[in-house]
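Sending over a structure as structure tokens; questions will come in a sec.
Chain naming follows the written order as A, B, C and D, and within any one chain the residues start at number 1.
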């Protein structure tokens, strides 16, 4: 199933290296020698978790069906317009972040608000629907940061 | 949007009166004079909440698309087989229950495990897919119980 | 820290073998050959998780201080009376259950409502305060069940 | 109980006006005419919620006991050192934010990471322990923002 998730990310324009860059940006201040490959390793480890895979697959399917205009209303419009009061995307993202405990929530929120790197590109894509994707990626990067911090016994704010 | 939710429930065979019966069963031991109409009133009040509406609409759309065979794999199979390790349905249900605080979680779990009333019917339907629906209904009944308890200053288990 | 948690459990009258019995009761119907030692092994594995340790330590400290009458009001009264609308105990329990994903929520709620085995004893103790403890134990048993199910690829309802 | 919470905030050096300023900073870009008094009104409305009151009271009691050196180890040290891997403070904060749905999580994380206004003061106090308080305040401000957004049909981030 992990391979399926990586393939789906790739088809939707998300490269795991870019997710690792988010982790590096978050954690670099606390671990000066942190490398991008360690970050990628942590992203990949998070993707081993079944509940993470399920949340990602479910969210990407909803984005894709919305992009193809195949969802019934009112869901179709909620997703295409990325309605700010629609919260199911955040709910799935938090289920991902949760896997390494509550310390990841802070980084999820920070990424979701400031939209660095790949998150900005996803969020401003002119034709694609990434209502779920940007939150899933932020949740994944936050979970990988939390995992890294738990392993290194040191962390993000 | 509340009307949309009620219509979607109805199209999928869920009558709010049956949801109210779950609430009555949960709360009767603590409020001897509780009536089914008070329970229904609390179910309807929970349905006013936007985040509840969104979770229900999203879950029902996924059930319906799975029933029509329109979801891409591996999500299609996960939902049709109601894979026990798939947890996104519980995640959405908890987002509903959450709206009235953590005291609703206990009732959600109890309903989801014992499957009384309408939950049994949904869960054993031969042709329909109710992977999300049974959890959504249990979450809704648990939230209505929590709301009722908060208002009556007395509660569940 | 795991040793500290086990010691605190023991000082408060909770034996991990009894927690394992809750897991066995939950999972036996799905795994006919499941042994109590496998259940205990899963309980111990959950206790390795830092966020689980923190939630348990925090909850037990609050119970103990309440029992000694050392908490300021109104918290002292909320805990001693195990006020049914107080939800922080459920919140900590869910943080434990969460570690193995949403599939554990159902079992947490079921245990918390039906109070089998050690949970009944904790909940009806005449002098001790176990406002947090019964939820922590239910959350731990639910998490261990979820872990076991994830490993065995088969699960609880 | 709301009065108790406001009194406890005040005793710990938290003025609700400063919490309202966090809300104003978060929401101003989306509601140009938003006033500080509307923000304060939303903060006060969030404080009416019982589960919010309970989380705040529980967290402040833990901070205060830690400051007085009255907690048993290892909790005493975890709180005094504001151990970054301790996540129970975030868990309580999210229980607050949750009350208005998942849309508040983003703002919680952003505040918790960037520590504007009162959060910086709390976080860098030389003698007082605010391990819980800074998260509780960030959670409260995020919940008030979500409430405001739900009412104004427009939102953050």
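Quick note on the criterion: a residue touches a chain if its C-beta (ideal position, glycine included) is under 8 Å from a C-beta of that chain, and two chains touch if they have at least 3 such contacts.
These figures come from a predicted structure and were not determined experimentally.
Asks: When the contacting C-beta pairs are counted for A-D and for A-C, which pair yields the higher total?
Replies: Between the two chain pairs, A-D has more contacting C-beta pairs.
Asks: So which chain is the furthest away from subunit A, centre to centre on CA atoms?
Replies: Most remote chain from subunit A, centroid-wise, comes out as C.
Asks: Quick one: report the Å distance separating subunit A from subunit C, using the average Cα coordinate of each chain.
Replies: Computed from C-alpha means, the inter-chain centre distance equals 31 Å.
Asks: Which integer distance in Å separates the CA centroid of subunit A from that of subunit D?
Replies: The mean C-alpha positions of subunit A and subunit D differ by 25 Å.
Asks: What are the residues of subunit A that contact at least two other chains?
Replies: Within subunit A, the residues that touch at least two other chains are 50-51, 85, 87-88, 91, 95, 101-103, 150.
Asks: Of all residues in subunit C, which touch subunit B in the complex?
Replies: Within the complex, subunit C touches subunit B at residues 84-85, 87-88, 90-91, 94, 101-103, 105-115, 149-150, 153-157.
Asks: Enumerate the contact residues on subunit B facing subunit D in the complex.
Replies: Residue positions touching the partner: 49-51, 95, 98-99, 101-103, 150.
Asks: Residue numbers of subunit A touching subunit B in their complex, please.
Replies: Listed in rising order, the residues of subunit A that touch subunit B are 1, 4, 50-51, 54-55, 57-58, 61-62, 64-65, 70-72, 74-75, 78, 85-88, 91-92, 95.
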